[in-house]
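Quick one: the structure is below, and I'll ask about it shortly.
Chain nomenclature is as follows: A, B, C, D and E, assigned in order of appearance, with residue numbering initiated at 1 for each chain independently.
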Amino acid sequence: MAGRHFVKFTFLKLDPAWRRRLGDERAQDKREFAAACNDFAEEHFLRAYSLVGTRGDCDLMIRMACPRLEPIHELHVLLNQSGLMRWADISHSYLAMTKESVYSDEPTPLEPRPGSDSKYLIVYPMWKKREWYRLPEEERMRVMRDHIAVARRFTGIETNTSYSFGLDDQEFVVAFDVDDPAEFLDLVQELRGTESSAYTEFETPIFTCISASIERALDALDGEVVRAPA
Amino acid sequence: MAGRHFVKFTFLKLDPAWRRRLGDERAQDKREFAAACNDFAEEHFLRAYSLVGTRGDCDLMIRMACPRLEPIHELHVLLNQSGLMRWADISHSYLAMTKESVYSDEPTPLEPRPGSDSKYLIVYPMWKKREWYRLPEEERMRVMRDHIAVARRFTGIETNTSYSFGLDDQEFVVAFDVDDPAEFLDLVQELRGTESSAYTEFETPIFTCISASIERALDALDGEVVRAPA
Amino acid sequence: MAGRHFVKFTFLKLDPAWRRRLGDERAQDKREFAAACNDFAEEHFLRAYSLVGTRGDCDLMIRMACPRLEPIHELHVLLNQSGLMRWADISHSYLAMTKESVYSDEPTPLEPRPGSDSKYLIVYPMWKKREWYRLPEEERMRVMRDHIAVARRFTGIETNTSYSFGLDDQEFVVAFDVDDPAEFLDLVQELRGTESSAYTEFETPIFTCISASIERALDALDGEVVRAPA
Amino acid sequence: MAGRHFVKFTFLKLDPAWRRRLGDERAQDKREFAAACNDFAEEHFLRAYSLVGTRGDCDLMIRMACPRLEPIHELHVLLNQSGLMRWADISHSYLAMTKESVYSDEPTPLEPRPGSDSKYLIVYPMWKKREWYRLPEEERMRVMRDHIAVARRFTGIETNTSYSFGLDDQEFVVAFDVDDPAEFLDLVQELRGTESSAYTEFETPIFTCISASIERALDALDGEVVRAPA
Amino acid sequence: MAGRHFVKFTFLKLDPAWRRRLGDERAQDKREFAAACNDFAEEHFLRAYSLVGTRGDCDLMIRMACPRLEPIHELHVLLNQSGLMRWADISHSYLAMTKESVYSDEPTPLEPRPGSDSKYLIVYPMWKKREWYRLPEEERMRVMRDHIAVARRFTGIETNTSYSFGLDDQEFVVAFDVDDPAEFLDLVQELRGTESSAYTEFETPIFTCISASIERALDALDGEVVRAPA
């Protein structure tokens, strides 16, 4: 199945007042949220991440991919039924699609790569300067080759590029599977010296997301472990 | 009737606390909101869209058009009577008017095109750089012709341009009837290489809106289907 | 009385929770607010406007003018006593003064023109680029004459310029009496081509305000008409 | 005592919900706040100002000065005990220090000038462009002399400059004792034409603060006068 | 142990409503928060600071360092269990890592320096302009040497640089141990004249943090001293 996929990143921020609810209520809120995610994950790609301790403006991220947009819409409708969404805001949201790249040779760029079990996913939206798009194609190719050559020396990092032109505010959403954040930091710092870096307009916010099961990402919200009701 | 129309885009964001209300109360809140919209739609142009799953800063959009501003004002007064507006904020609002274009040959630019039953409406406010307005007219004409020539190759997309100079913050509100978001993404990415793109100052936020009846757009807010009371 | 006046534009945004109050409470809240405004209007200039349906970040605007600042302060102290201000925020606020212009020949620039019964008032704060102020005076005069010449062809529009240098964030607050928004839109679009436009730094937000009695502007907040208590 | 002083400007914004409290509770909240301020003022410099009617994003400002930072910290700890801070946010906060100026001859630049009983204090944070700091010293001296020469012609205005480099976001906090806002407006407008003005990066927000006793500034919050309990 | 450390700065802002809780409840909320911090501090680096009186957008900061990210995540999960986080928001958050510097000779750059018992910690995130990264290495070395030479004359200040490239929005988080804020102010002002300063893109917000035990920093939130329950 080599068609293009929609990719959605939904970041949630809990109202601190949610933590004032009774433990049983919070457990129920989390179970309902997890159930909707797990149903979706039976047929589609879904991963969960915790941002507790890495950022302050969001607590949890779910990442979805699907060849059609409707199932992603429907999952969010179901989440709106869950108790958790009575106390949560979507603080950041990125909609994108996969697309064949003219520059890189990412494997299977058109679908999400489910297998990478890295410990972190680092995600950010990106805009390039308009000057970039006015360069001749061979010039852009040369600049990107230089960029890719630097990146390739950092072998522990896998890139997932998706495209948002016209669908959402940003032009790209870039996501990196990372096991060692220090290696990623060194890569990004080294890339600052490449020519391609000068054509970046914006690339924040940068989210360091901790891979987790949806249950563990939910439990990090109030520090309590949910068990199935007896 | 070839007069100019006011066009209004009202984006709503529900307070998560609304979802804590009883199901019956929420159903009533939605019925009141829908009733006001449906009354307006009997005499004027009104369309509804859901943004659940595509963005995080708004949940629902209603799009209105009318030769006079008063009915649009009065609809919003009526909406303020509805239960839903006791729990909702207008997170984004764009006021514009239709106008004959000197560049394009959009059909019936002065009134909304009701018939297009596309699955998505993509909307964004736009500002051009001030340099644009200082170019000689023939130069602007040449640049726009190049832009339009690219756009025409993407046959599944219909453009609706409206003008906000002096009426609202932005200069234009651009809306596209789209069935295949991937086609629109490819168009926008290709347009980045045109000369006209260099004269764009801002064109965010970009809203991917899912066409829906007002009832369906409201039901997506809490995942529950409203039926007429017995 | 040809002295300079303070001019104040106070934009209110109601907390949606206000609409959850009982109808009688809301009526009382509105009566108290209107009473304070009407008292002020007996001796000073005060006009009210509704923004319901034209913007999302404010619902109501009151515009005051007075040779001294104290009465404007005291009116706002009285408004703070009213029930309405227990549920409202001042979302935008502009303080300015009238001043003789070196460029234009606005009639009676030093005091508010009470008589214009236009249907809309369009208001925005404005900053000019610092380069503007470094131009030789005759150069600025020439640029402004060109600007004014364009504006004069649009005869249905009356300009009210006030000055905020050092008193508030913006440099100017510009307000236009308008009966036909389309005419104003066309004027602003045409002015984009003038030299003066290139010296504008910012001129947003732009508020399309609907002229109303204070009572009607208040009634638009919840769609209910207040009558004097029996 | 010619040492340098810390200067602190704390702007408060009341939650509109505070005005829903009973009159007695509000009176008590205000008395506790005033008591903490008056205790501090016995040994240190403290002034209060009302912004009711001049801005929308703050209601009250207290201005403190002290050779050490600890008493300012301790005053804010005491304010946190007061009922008022259970309903108030610090919407703007500026920390600065006095310092001898190389350009001006402000009297006693190292300590606050308590005596000026002007009716208004106009305050704003300021940043200069980095180019300014790369100019040769004699060049900066020349530019500043020109600036000061203009300012001196406006004799009703007294300048208080304080420095925030490295202590807070802004570089300077500038405060002006003003009796006639129109005179200050004219001064700021005229300064736009000086060379020094071109080196200003930002100088907003601009706060027109009305001098008041702490009791009067507090009474402006709800329009009710507090008297000592019987 | 010369490995690199993760460094985290978590700034908290209390909801004013927290101060409406009963004294005993607040004491319990603070004890739970302190207990989690003190447990972490037994094995890892943790310092607490008060911002009461120096800023308005945060009240308290905790600074952590650890060779692995997981314990920092787990501490924040535990904090989410505490009563205080039911009423607090993380208003600012900075994630970074230590790294050997090519320019400076900071002692032990790879681990936090626990011993410095200075009275203040001044912290800010920093971004350099992209032009900086395109300079030849010897040029950057020369510019930084000049910068460091100025800084060395201010002997009371110790610098702690950490790196955030790709992990968080900013490129660097810079923290200074300071006993005399006036000395730091003079240093920063003098650095404005160096060449390196021209390559700074952003360096705000700037936080003046008052060193305190976690208990004292918590007590500053409501002005009440917590004692262990009898």
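Assorted remarks:
We adopt the following convention: a residue touches a chain if its C-beta (ideal position, glycine included) is under 8 Å from a C-beta of that chain, and two chains touch if they have at least 3 such contacts.
Note that the structure is predicted; figures quoted are calculated from it, not measured.
Steps from chain B to chain D, minimised over paths through touching chains, total 2. Chains touching both chain A and chain D: E. The minimum number of touch steps linking chain C to chain E comes to 2. At the chain B-chain C interface, residue numbers used by both copies make up under half of all numbers present, so the two copies contact each other through mostly different positions. Chain C and chain D have Cα centroids lying 27 Å from one another.
Not a single residue position of chain B touches two or more of the other chains. One closed ring of touching chains is present, and its order from chain B going to chain C first is B, C, D, E, A.
Chain A makes touch with chain E in their complex at residues 16-17, 19-20, 50, 52-57, 122, 176, 181-182, 184-189, 192-193, 197-198, 200, 204-206, 208, 210, 219-224. In the complex of the two chains, the chain B residues touching chain C come out as 4, 6, 8, 10-11, 15, 69, 72-81, 85-93, 95, 97, 99, 130, 133-134, 163-169, 171.
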